[in-house]
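Common to both upcoming complexes is chain A, partnered first by chain B, then by chain C.
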Partner chain A sequence: MKKLLTWWGERALLVLISVVVLFPISWMFLTAFKQPRDAYSTSLNFTPTLDNFVTVFSDPWNLGSMVMNSVIVAVVTVAIAVPCASLAAYSFSRFRVRGRKFLFFLILSTQFIPAVVIVLPFFLMFRSLGLLDTRLALIIVNLAIVTPFVIWMIKGFIDAIPTDSEEAAMIDGASRLRVIKDIVLPMAAPGILTSSIFCFILTWNEFLFALILSRRDAVTLPVGLVSFRTERGDLWELMSAAGVMITVPIFIMALLIQKHFTRGMTAGAVK
Partner chain B sequence: MAEVRLVDIEKRYGSFVAVAKQSLTIENGEFLVLLGPSGCGKTTTMRMIAGLEEITAGDILIAGERVNDKPPKDRDIAMVFQNYGLYPHMTVGQNIEYPLKLRGVNKATRQQQVQDTAAKVELDALLGRRPSELSGGQRQRVALARAIVRTPKIFLMDEPLSNLDAKLRVTMRAELKHLHHELGVTTVYVTHDQMEAMTLASRVAVMREGRIVQLDTPRKIYAEPADLFVAGFIGSPSMNLVNGSVTAGRFRAEGIDVPVDLPDRDSVVLGIRPEELDIATDSSAPVAGKLYALELTGDSTLVTMRMGKTSVCARGPADFEAAINEPCYLTPKAGARFHLFDRNSGQRLDG
Partner chain C sequence: MKERTLSYTLMVPAFLIVLATTLYPLAYSFVTSFREWDLTKQRRPGDFVGIENYVHAASESGFQNSLWVTTIFVVTSVIVTVVLAMSLALLLRREGRLHTFTRIILILPFAMSPALIGVSYRFMFNPEFGVLAKGIGAIFPALEGTPWLASPDLAMAILVITDVWHWTPYMTFMCLGGLASIPRETEEAARIDGASNLRIIFGIILPQMKGVLMVTAVLKTIFALKMFDQVVTLTGGGPGTSTETMAFFIFNVGFKWFDMGYASALAWILTAIMMIISAWYVRMLLSERKMATA
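Presenting the complex of A and B:
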């Protein structure tokens, strides 16, 4: 009896949480397919349309270039941050260097600084470098934000891998780099993939710096959303369509993580 | 094949001494067993030879060459790890093949050698499996196969049979012994199992708290343990050790009175092996007490008797039977050896 109650209790709680989490998202998805006149109605009875998506990709919104900016900034950031962070994480995890703990703390401590504090210095720096409103500036900023986090995350995964296999490989005749390539990377792959996706999501959603550092050429999707707040009022249906464009890749990635994450856990080490 | 020399090596973790300063030479082609209880520094010693652990002080020479600063890959060593150290993302076949691959052996030769080695350790049917799909014993055999697939200068084996079941352990022991005979590669073998040490070793180094307390042939270590620790460690069941004193050429303790060749002194420990004691019927036998327990082992019966606080064990015939708590007598077999130790220092007094 008690068991049954717990069972139902658990289910009820899960449903409640799902509703709370999913409601705004489903609202956004619905609105994206509504015509302007239906945008404020709560009825589910409307004629769906793809007009909003066509509109956001054409003048004056030009979401296409923002998608491009977002993709390039996120992909390049991941492509640089993850390999560097992996090597750094490996070193932090395996080498007993003097001052290692302090250095690691130092790197992590950059995460404690509120973004608003450093956004102005960044702005001034990029202005004097002539890099304002460029993707390069956004990539540099995102690297600074994301790399410490990714180092920390990947270090966790590498810490969990026993060193036995690495030592065995070194005895078998592998150099340190060969060990990393043949042994560590394959074993840490699920963790590194998970971290890459986290890194991608962080960069993809980054708002504050993109808002301050871009004006026209380097505007990313989250910043682009703001432009749907016009003098004519908030264009909810267009904003939702753009919102869908932002969230769908994230959804897909979340699904990917899930699959790889469980596989990573079960593939685990051999004891 | 190579000689390994450890010269005044020492390993400390902070202030904790894992391996005390000492020297050890492992002869070319020798099968040296490091024997000792858990935590005495066996693995640490082996890892220093392999280059996996930095040495705090001293030198390591392999084939006359100082290798202190050489990475493991350049020492031409093969090692079996205590907890296997397999590559979980590779199949059994790839695991065994990896050392050959790293050394640039061509593919056809590699395949052949993997096949041959796998057959030796009875893994040929499992080459396609992942380590996670194997039992503990099978994993240990993969680790072994990976070590013996090529012929290195030195084999290092850290308790390579510890996770096998009793029967397989005996077979693999013979297999290792044969392999050593065939290849003649210098081997350092770690175990806490004195039986394994006795059966495999050319020489045994008995370790205690980071120090080698005796280094000799198995026969010599069994016959003449250097101190109380070795005496109690080697042999199964272990040597009887009785506290007493020597007066007028006789060792006396409660229930025991035997002639010994030693000047008078107190605080003496007499040691005698269970297999060198016979059951006697005569009440004038030199060892007298009450029967405490009988344990049949198959080919013999272990007879434990007590006299006051001490107990003495003897290996009697399998068909021996007697009533518990009844008087019982033992007598040393002809040619039996009494071992005498100083009770305080633990050092051997005779011979």
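Presenting the complex of A and C:
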């Protein structure tokens, strides 16, 4: 009897957790498909519509250009950060040279610096260079957040690869660079892919930098959300539609790499 | 090429990025923190004023309020998150279809944009049509029409809830990782001896999880000190200044009042706090590893 109670109790708790996680997300998705008048009620009895998506993509909201900005900023940031970080991660993982520990610590500790500290000087520099409100500015600052993080993650993945085959190849006369290209890269590929997606998510969701450094041309999706706060009040149905646009690509990516995701996201933190 | 040269060469690109995007701006803001620089009046950096900006911080009420707000926010969100994460980990470590499903969907809050989380909770707690405000009102009629985000304490509570919702999954995965690494034998022996679940959890599992829990708590503290996005999208620092965290206050000083010197000084105070906690974190990680290899 007691056992049965625990069994059901455990299931009930699990269902409760799932509800707590899924409810806010589902509510936003539902609202995105509601007519404005239905959005301002808690009723579930409504006729779904795509109007909100049509509205956010047309004037004056132009969500399309924000999507473009978000995609370009995130893709370019990943394309720069991940290759550089992979090389550094390999070096940190395999070589025992002087200053290695210090350098690694230095790079890691920058991850703990609050973004608001970095954005002040960048604002001043970009202002004098005329780079405010450009995608380039956002890419540069995002690299600051993402690079140390990716080095850390990829190092974790490379550390987990046994060195045997590398050593064997080098005894056979292969050069280090060859070994990296032909042995390490293929084996580390899933880890590097996971890290890239992580890096993409971080950049895609980044808010503080974009809020301060963009005005009109370079606005990304998360900052775009704020623009639905108008004199007429908050336009929830439009915010929800924009919210769906922000979350869907990220959710798909996160679920695709779900297995590695949980491992990667805690890789460096406890080990 | 010599191994050593190659080793450094491989680090160069990443190191240059970190140098240009973090270390240089840090130095720049450090220097600025000793200057007077009101961007509304001066195009170029003003005179050096020594530690005046720091002295100003010591007596200014806005900053002191933000220190207090940040402390309350960090302490409550860290405690709630760590306790919840540990409990969830204990629940989720077993195998089962429902367990796996729950573990998978736990990824979603972490992947969601924090700014959007703030927006969606603001919507759900709207007293007139918010689904949570209405739901609570239906269960407890006395709370019907409560202006959730217009009351300082409740606004802070909701801010903490959004942060807990966002971070608990990540911390749960950390605890799950910790649980997986402790040996099962003692636990099973105790179970055969007929020890109750509570005894096993408090007497055997939690003592072994102490290290992991400390690491989780410190990491969460660092994230909580940085928290900014939801303040903007959920409360806007209000009502009044009741949810103005340090990051948000620095943002206001810098980008509403354009007092760059003072903002830089405040930013450096926050950095100093973070550095102390981070150093503590790194030391704990190192001693953890020593324990693990011992």
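In the analysis below, the second predicted complex is superposed on the first by the 248 of 271 C-alpha atoms of A that agree within 3 Å, B and C clash if a C-alpha of one lies under 4 Å from a C-alpha of the other, contacts with A are read in each partner's own complex, and residues count from 1 in each chain.
Just so we're on the same page, a contact is a pair of C-beta atoms (placed from the backbone, for glycine too) under 8 Å apart; a residue touches a chain by one contact, two chains touch by 3 or more.
Computed from a prediction, not measured in an experiment: that's the story for all the values here.
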Winner by number of chain A residues touched, once chain B and chain C are compared: C
First, second, both or neither for A:Leu255, with chain B first and chain C second: second
Partner chain(s) touched by A:Leu235 [first = chain B, second = chain C, both, neither]: neither
Partner chain(s) touched by A:Val78 [first = chain B, second = chain C, both, neither]: neither
Contacts of A:Arg178 with chain B and chain C, given as first, second, both or neither: first
Footprint overlap on chain A, where chain B in one structure and chain C in the other make contact: 176, 269-271
In the complex, chain A residues that touch chain B: 162, 164-165, 167-176, 178, 182-183, 186-187, 267-271
Chain A partner contacts - residues on chain B that touch it in the complex: 50-52, 71-73, 77-79, 81, 83-89, 98-99, 102-103, 131-132, 139, 143, 146
Touching residues (chain side chain A, partner chain C) in the complex: 6, 10-11, 13-15, 17-18, 20-22, 24-25, 27-28, 31, 39-42, 80-81, 83-85, 87-88, 90-92, 95, 97, 100, 103, 105-110, 112-118, 120-125, 140-141, 143-144, 147-148, 151, 176-177, 201, 204-205, 207-208, 211-212, 221-223, 225-226, 234, 236, 239-240, 243, 246-247, 250-251, 253-255, 258, 261-262, 265-266, 269-271
Chain C to chain A touching residues, read off their complex: 1, 3-4, 6-8, 10-11, 13-15, 17-18, 20-26, 28-29, 32, 88, 91-92, 98-99, 101-117, 119-124, 128-131, 134-135, 165, 169-170, 173-174, 176-178, 197, 212, 215, 219, 222, 225-226, 228-229, 232-233, 247, 250-251, 254-255, 260, 263-264, 267-268, 270-271, 274-275, 277-278, 281-282, 288-289
